[in-house]
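Please go over the structures that come below.
Okay, so subunit A shows up in both of these, paired with subunit B first and subunit C after.
The block that comes next holds the complex of A and B.
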């Protein structure tokens, strides 16, 4: 009984913060009475206020427990990059908008713990963490010694992923598969165990280390799934070395068939789309689009390229130098200037990180803008994508799963007389850097997807597994 | 019956082998001279009451390296091995597997580190980390950051060594006598900050050849036009090296010291064409197996500056060449499997400026290291009642001193800014200021010690005065003696009762 009064008086405090504690007793009945009013009679605003109050009351319960321990939670929120696991993120995201308005009055009334409150405020002020996209956070792997039996090559690969030295869907899957070949070759089956069963657990340890360095891409997931299928299907009676060689052979075949040869087929198909005198526009840097352009130029077609780039990754610069070295006439501009040139473009070629059943393309942040602009100006948007990037799910937005770009501009080199550390923008008490890496291009902005199975319109993408005759 | 063997014992080969080099410690004479028949190895000389070798071993343990090869002189083998492997000592290392190997050396003919490495190169079969036994690592630089830099760079563009350089510490002039050496003599180096590449180390030979000028090659400058030059850094002698570096060492047999001769020579390979052609093949031999060549060709943030064909057609390095810290990849259009990326063969460098760290290879460094540890401690009386009883209530021990266990401190003794070892006896009314006393010392009543370092089992008679002196282990100073600024050896003492203040 007493408890309910206390709870409602707390909730009451949050919204009548100026009123003093002695007034709560009298104010209680009117609040309770107001709550008792039948829902229909409340106006929309009152209903909303009631809802807010209830939500604040709920948050106050959790808020009172969190203010009591300011230290553990404030550091938890101030290190979004350290502890930003998916489960913690949404809880924070949900909790924080409601604790927002009730936060300051909460602290002002809890005079019994002034030091704790100021400590919490100070800790929160230091780095509040991303409020809405905290689940994008990168996980730090610096100074962390690998748990379990992680193969040294996997440790190195994890480092390269975390530092973005190997970046791009194709690059990451090729790198992962090559390293897995080494891991498999160095693996010995322990006694009383079979290769097909134990190797999977061994690989899972390695995979979790890689995921802690950087979240897994769709391509890596597909490749690993295929590898696990092969492992479980390997013959028990084979001698160990033969089984391992067979697995490595299958990995090689996968890389060759699904990536290298697929790229060659896509090159030939997409080359036909580029005619003499065309102006091709591409965004950031895709390994397959680069191959297409170089191959088309080598085939004798005369065209020019517009490379659109954006910060912080600035991958377009590298594409530009590669194309310029091949003597292709290029123009380079940043994304905001796209509107000036779009009317001269004849075709837009972009790459993808993954394609989904509903026809949406998950690609470098900014591609959606390019595709949308192009569609607006009736420029065909052609996405070059291998079939192994196909993901069964339906993706409707880029918020549920995304990643943050590395802080600052790790590859900026100017001005040269300053140390690279000082050129990187850091998170500050009143500044949080939010740089999502990927965005979603809806199928309505895409004209066609070129895969090694053919040129497919976006609404037919879900038939790719069927076209390949197998489950991807 | 269930089989609980270690399932994953050899599933993962260990990545690095740590090689700890323990020498004689010539500059720490007479502290490392024999105590009677027993040697006092430099590696076991305590800094802040912890044997010196514990510092690098703890550092290794934290970084996750488990295999250690410790190379020490034959005479020191038993004491060092006893210290590391005994379970009762407080400093046992459960996760380290230490292999103690010896080489024959006498204090008169020092053996260079290169010779030692060549001798043991058969035991070193993978990438290794060289550590000196006297390195005090900084607290905010874990070894894993050095290892991570090496891991990434060796895979990415074929770096061969990663080194760590510390800011040389300026001691106060006059606090330490000149003959006790300087802490961390700094060496001028040239390095590139952006990619962390060490370009040039000034060797004593270079200085002999040309004292006034620093000679560097144009090819170095054209590759790295924005390089930094500083003479404030000193080498920590911590190197993470590729295995193939040892193969190159075998080719160059005239090198004696790793730090002074071999490493500066290695720095030159990255920009001198002739050296590169000669040794590039040796150094690159394992690279293609580990490097992610195909993946890097597809990586969006990699390379893209120059074609491999342009590189080979260049005669001399043209100034219009953009410096490429990453290795050059050939155009992805040429997907030949045989194409090797051009390895940069560079030496990485991590500079560390903040927290104190040094190599304790001479007396001044020993004093400074102890002083640094003292400035961080806060002396409190021991809680253990037995130890507590040994320390007299009327003694004055300042808060920036350290007293080892089982040490008896007499009435009205004064201890300031000192490190006192275990099982010492400090007599009544004595004054110990700014000293380092090793274990089992006995200080007589009324003795005054200032700025001294006393070896093990030193006995100082009553009312003796020692000022800025060093004593060998087992030395006995007579009562009433007055000794200033001297290095005292046992041989002086056994020479005769009347001569106590002779020099060595």
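The block that comes next holds the complex of A and C.
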């Protein structure tokens, strides 16, 4: 399921691996060149064997608690050379089993993460040519060193966020909220304190850990704000377990009302906009768009879908396989080919990361391009978006705040005669790779936003809070 | 067509309504009044349904209303204005405060409110006419389309205070422009009929365009007699203001993405006739042979009654709640209906 994402995250780690021979920084070109050698010296059989060993070690480890993960990493940094040999299999990241046998040999390099992290920061300071983008949150290789009283489940979640194993605004919010339920259940109020006051500080530590893994999404922000409101409002006289259960109930309700039910309403509304014979174009992969398309198809509407995709994440592949499995006629193309097909399209359906009060949509990088192109050809652009993705602020561009996408997926590059590793471009002192994760679609190129509160034109987005005020 | 097939059947399904009551006939009765527009007729017929209904709970009543609205929509070919009215009334009933001592009193109260709303709605048009007056300069030349009660009233009102002259389109196929023409010339407003195809020709001479509406939708766009859209496009091209007049009960909670997304659109509209299917006698009715060069009713059926004007072409919407920009209309609608 998370295949592409897993691959990309691995590549991210993997190709920093060579530098661990000297343990300083993977961005030094000389070491990078030299380090390539030990890897190549291994024969195929050796690599296979190494992998098998790692997998066995991993399997043995999965039985044990995941909580222990953070600890062994500290020694790893002290003898990074060993890491390359895979002798420290137990410390591997969770993602490795999903890699096929053709995967890169030294996945175990993740152990050297703390080293890599500091080195990356150092190198970043040196090599970053494009200073104006330096504020884009870099993916920090976090996770293992947790500051303060961080719940193990949060540590785990932080890792999954950082490695893009959980990705997408809805998935991240649901995951965060579900983990918070565990955190709340495992929490005991210290003596001389009340739950409604102390739990908040306890949660702040968890939240800042998650934020250090990956910047908080608007959806998570909204959900957490709501949760904090509920906590501060919980009755002091309530027995602790009851208060915790009440909070968990509130969290469940939030997930149900604002995400699950909202999605169903959006599905029903949006599928009415798809008529027989339509050609629906979508970009990358949005969970809600996928649901809408499947639902409309199940409802008997005959239409076809064009999935437009783009590197580095190639998320559209996942959507494509789901749609193809449902026997929906699909076309798959990359963003540059959009111009060839846009005149055939009857409706563009995209998802959103967040939605702002000026009607702008923050969404996967490339969406703005698709929307503008569609607008140019008078194709209606419909955004499917739950109201909990609403953000009060006005956003005018995608430079002030953005994230960097994980580096490209090496396996999809075509020259098959070269090893996938050699195809990946990495940051070098004179080379900055810029893969913004999101971009901003201006309201002028959006026709309508389908929310659970109805179909709203972008210039009326600012009245969503008013609409929600009525809902409560 | 469902209009012939399902006559009365939807009503007999609901136990909450007496079998002898037909909401469709009530609707037609209400519509017989010249001054009543479809949304108001729908509200009136639904209030009558409430009176006749023997629903014992609010849930049953709302359900009966929904069934009644559905059966109305099925039997009326152009359901847009009607749907707006039904939506408004059902929304009103749903949010109606349960303060009365018993349910029959509550029903009486609802019926009373519904009736007084339709009575007060008559004043909406004079309110709009007053608002429009502020935008009319002396010696204005106005272009209007087809026939609309509210536009006619606004023009008649303007005539009492200012000098205006009016171009009105013929608005085929129904030719309702003629009705506007007669009404306006009767009171001495200089008025000229123009062909629907002459809108671009006349546009340079007019100061602004004034049209009525079937419904104003959530995008801030307008659903009106076919031809309004092209008029708006031409007005935009000539940089002339395009004003739409709509009573607030015509605000409709739908969002057409294109002409073909309208509820009135069906596969028959704009379909191509199969030349092979023509009977042998067809060549005799070639255009040259027919005395009048008009479309046959069969050809007419392939044409739409209404079209959708996108919000970017509309300058302002005049309604009894104020003069709104298209964006303002959508904000008003989102605020009004989001709680339902």
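Operating definition for what follows: the second predicted complex is superposed on the first by the 319 of 472 C-alpha atoms of A that agree within 3 Å, B and C clash if a C-alpha of one lies under 4 Å from a C-alpha of the other, contacts with A are read in each partner's own complex, and residues count from 1 in each chain.
Everything that follows uses one rule, which is that a residue touches a chain if its C-beta (ideal position, glycine included) is under 8 Å from a C-beta of that chain, and two chains touch if they have at least 3 such contacts.
All values reported here derive from a predicted model rather than from experimental measurement.
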{"item": "Subunit B versus subunit C as contact partner of A:343, first or second or both or neither", "value": "neither"}
{"item": "Which superposed partner A:430 touches (first subunit B, second subunit C, both, neither)", "value": "neither"}
{"item": "First (subunit B), second (subunit C), both or neither touched by A:175", "value": "first"}
{"item": "Of subunit C and subunit B, partner touching more subunit A residues", "value": "B"}
{"item": "First, second, both or neither for A:466, with subunit B first and subunit C second", "value": "second"}
{"item": "First (subunit B), second (subunit C), both or neither touched by A:164", "value": "first"}
{"item": "First (subunit B), second (subunit C), both or neither touched by A:202", "value": "first"}
{"item": "Touched partner set for A:186, first subunit B, second subunit C, both or neither", "value": "first"}
{"item": "Subunit A positions touched by subunit B in one structure and by subunit C in the second", "value": "none"}
{"item": "Subunit A residues within the subunit C interface of the complex", "value": "273, 275, 347, 380, 382, 447-448, 453-457, 459-460, 462-464, 466-468, 470-471"}
{"item": "Residue ranges of subunit A touching subunit B (in the complex, touch as defined)", "value": "142-143, 145-146, 149-153, 155-157, 159-160, 163-168, 170-172, 174-175, 178-179, 186-188, 190-193, 202, 255, 260, 284-287, 290-291, 294-295, 298, 313, 315, 317-319, 321-322, 325-326, 411, 413, 416-417, 419-420"}
{"item": "Subunit C residues within the subunit A interface of the complex", "value": "218-220, 253-255, 257-258, 260-261, 311, 327, 330-331, 333-335, 337-339"}
{"item": "Residues of subunit B defined as touching subunit A within the complex", "value": "3, 5, 7-8, 10-15, 62-64, 142, 144-145, 148, 151-152, 155-156, 193-194, 226, 290, 292, 294-307, 310, 331-333, 335"}
